[in-house]
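The two complexes that follow have chain A in common; it is paired with chain B in the first and with chain C in the second.
And now, the complex of A and B:
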């Protein structure tokens, strides 16, 4: 265990050192994007790994980005307050939708489609209130006067952004691990196999699910706000809506939702793929990246449902580990 | 004041009737999706993208190859039906025993594929058929023939499917499989063949919807996103797999969108419809027509 901890610490030191050794702004930009999106995908997988597949996370991300930017532009409230407010807004929305969902046992397909409606609503509200949000043309937070960058959370320096994104990403992994080692994880695994049996065994089904959902929604909103502050430009299509939700699901599944670094691997693969295609083919690449994503997603779900990293780890560790039934075996038997 | 009310009522009536006309096409889409869900127990997230491909098919046959509309329509219906069968054979069949969420996500992958295929192959320009049907003036209200035609054709399509399901052996087998998936193979029904036929019919309905929608809307690779989510919500609101519920829910949704769009922007019509859906999920989680347990 200590060796593993040491490995993590060394890896972290190396990651912190990167921007001081390698100063190429383009590479740093890609790394920041990878870290922010990894954090978003990790947030999704906190729920997704327990079978709570949400297509509403595009909505939470959009709220995080837009609430922060709107508060700054219209009321002059610094993102330091704006980001917690936007996270709280996303949390309230998650509560309003998720509580009745869990209370009335809306699961499986139905849960997916209710959350799909949620991201649809957020997208349409952003588009409809175009007088404030700029509609589908996008929105830019106002530039802070020079010297006030810290208050406005706007930095021209890529190294600063890299360190912020790295810190948030590490926090995401720590949360993931904390949940992985908590009683909640066992409760959620029991729930994902059989809600009635879990309830009979004394698990408070609604409360456990709600807890996981809230954590996931708050983190996703934070990811949205960070993305907005970093890119200084947001549009409904890049931070909210169904396409973004599907993108999260896709990256998390390709990387592997059952291991901590899976979503990060997913983010690395998707962003590098998009960049390589963009550089290699220029404007002709429009659409090709999504085409490759789609084919990979289908192939992965059919052949490698545990994702790249999950399958690799399974390959390295021999089958000493007892199979986790809820991932593969239980459902087909129940469906037969 | 009186004058204002007169105008207002005319607009209201026009919006109500336009809502009904929109409901016809939505009901057709919902029927296809419901049929697939009821029989195979899979939700095709990419259903609206099949419609999009069909709309491109119409565009190319009519605009580029100069086929008349009535000759192109059956070809497109056949094409999308084949696409539906291929989707089942290539993607759904290997996943039949996988968790339902995986099947849903795999069709999400197909959504990406179809969308970006259209982007790569056809570009992101908006295209239209170039057929402009006249407008029917009824008193002071205006209705486009395109909408009337779509409504009638959608109704005919639904009646056709109804007759197929109730009057033919294959149709009966499809309904039987929807009722009990385990027993029917024991009764000598080839489930694999039935699934394939059902997928083809579902695709065919998407093809028919494509032929009708292309009369009213421009085609672009992301056109599916504008009515795809609505279709899923209609199916869930009506109860997944419940044909009559889906039919009613389609008209409820169409009216909300149409009336919401009358009083404010069209987006708010959609927001209202989505919000209504979420509220209804809590009141009637199993669909409009389900009995409360």
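And now, the complex of A and C:
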């Protein structure tokens, strides 16, 4: 355990040192994007790993980005307040959508469809209120006058952003791990298998599912707000809508939803893939990354449902599974 | 301890349970028998909150619990097993039970939940080591796990649903003894649903017989077994069942299992 902790601390020190050693702005830019999206994908997998497959997270991300930017541009509210407000907005929306779903036992494919509608609705609202949001042309938070960067949460240098994104990414992992070690995880595993049996064990099924959904939605909104502040340009296609939701599902599944770093591995793969296609093929390859995602997603769900990292860890930890030795132990004991 | 008045459950036009009333006294084992489809499991599902009753009242320790959410009923002191065991395959045997210990007893502390799990597992005779997988359990083991989960929620009243289906005779006797021990040692009141009548009659204090959703008899096992209506609707099918069981036992002997 202590060795693992030491490993994490060393890895963290190395990660913090990166921008001070390697100053290439393009590489730092890619790293910041990877960290922000890793955090978003981790947020998705917090509920996705329990079979609560949401295609609505693009909506939460869009709310995080747009509410923060709108509050700043129209009311002059600093993102330091705007971001919590945007997270709360996403939380309320998650509650409105999820409570009836969980209360009336809308599960599986039907739940996915409801969340898909949520993505669509948020996208439509952003496009329809184009007088405020710029519609599909996108939206830019107003530049803060010089010297006010901290209040506006706008920084020009990549190192600052890298450190912010790194901190948030670490927080995401800490939350993931805290849930993973809590009784809530057991309750959610039980719920994902059999809601009636979980309730018979005393679990408040609706409340547990809501709790995990709220955590996931709040974190995703934060990811959206960060993306907005970093890129200083948002459009419905890049932070909201169904495409973004699908991208989250894809990245999380490819990396592995059952391990803490799975979504991060997914982010590294998807972002590098998009960059390689963009640089290698330029405008000839517009949209290719989505095509590749789609094909890979099908292959992964069929052949590697635990994702790249999940499967690798399985391989390293137990090269060959002991031939179900525990069964031979448990059977005679159970029959006694 | 439990007072049920005029309990009705309707599924569309079909009355699965029709105006059933009964009482359970503290410390007794009440047997609930009846042919398939007579409404036994439906009554259990209403007592444990899995199904809301159409009408009627269920007083548990003086509180009305009809229609409450299942987790509130479980936390209030009723534990239940399912007719077909429903273990959580993704959790270890121990985690299955400690989950019930944690959420079934007001989520106090993990240490307490694990203690409850250890006691429950020891009571039913399952291994208490932390990592044993559910996949290794046979029919008898799964039923024990089901019982351990119910016990870990700290019930005052245990609803045991058909705990003997799918067991051989030795296993049945053990399971029946186990229920008696749970009552004697832990002081838990038990309602036991079963359609294998023989074993049940040895253990229970009182029996209630259901047919087509209605109560047709209630009383001491000896009296009920002699009741003409009971013999008509019930023992006939039981005779068929024991014939089937004998045939199955013979077949098993033949293949040498």
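In this section, the second predicted complex is superposed on the first by the 318 of 336 C-alpha atoms of A that agree within 3 Å, B and C clash if a C-alpha of one lies under 4 Å from a C-alpha of the other, contacts with A are read in each partner's own complex, and residues count from 1 in each chain.
The rule is short, and it goes like this: contacts are C-beta pairs under 8 Å (C-beta built on N, C-alpha and C of every residue); 3 or more make two chains touch, one makes a residue touch a chain.
Worth saying up front: this structure is predicted, and the values here are computed from it rather than measured.
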Go through the superposed model and pick first if A:100 touches only chain B, second if only chain C, both, or neither. first
Give one of first, second, both or neither to describe whether A:190 is in contact with chain B, with chain C, with both, or with none. second
May I ask you to decide whether A:288 touches chain B, chain C, both, or neither, giving the answer as first, second, both or neither? first
Return first, second, both or neither, reflecting whether A:199 touches chain B, chain C, both chains, or no partner chain. second
Who does A:121 touch here: chain B (first), chain C (second), both, or neither? first
Specify the partner with more touching residues on chain A, choosing between chain B and chain C. B
Touching chain B and also chain C: which chain A residues? 331, 335-336
Under the touch definition given earlier, write down the residues of chain A that touch chain C in their complex. 183, 186-187, 189-190, 192-194, 196-205, 324, 326-331, 333-336
Show me the residue ranges of chain C that touch chain A in the complex, using the header's touch definition. 48-50, 69-71, 74-75, 80, 82, 86-91, 93, 95-96, 98-100, 102-105, 107, 110, 113, 125-127, 131-133, 135-138, 140-141, 144, 149-150, 152-153, 171
Which bits of chain A are touching chain B when the two form their complex? 51, 53, 97, 100-101, 104-106, 108-110, 112-114, 116-118, 120-121, 124-125, 127-128, 241-243, 246, 249-250, 253, 286-291, 293-298, 301-302, 305, 331-332, 335-336
Considering the complex alone, what residue numbers of chain B touch chain A? 37, 43, 91, 94-95, 97-102, 104-106, 108-120, 124, 182, 221, 225, 229, 232-233, 236, 240, 264-265, 267-268, 270-271, 274-275, 277-278, 281-282, 285
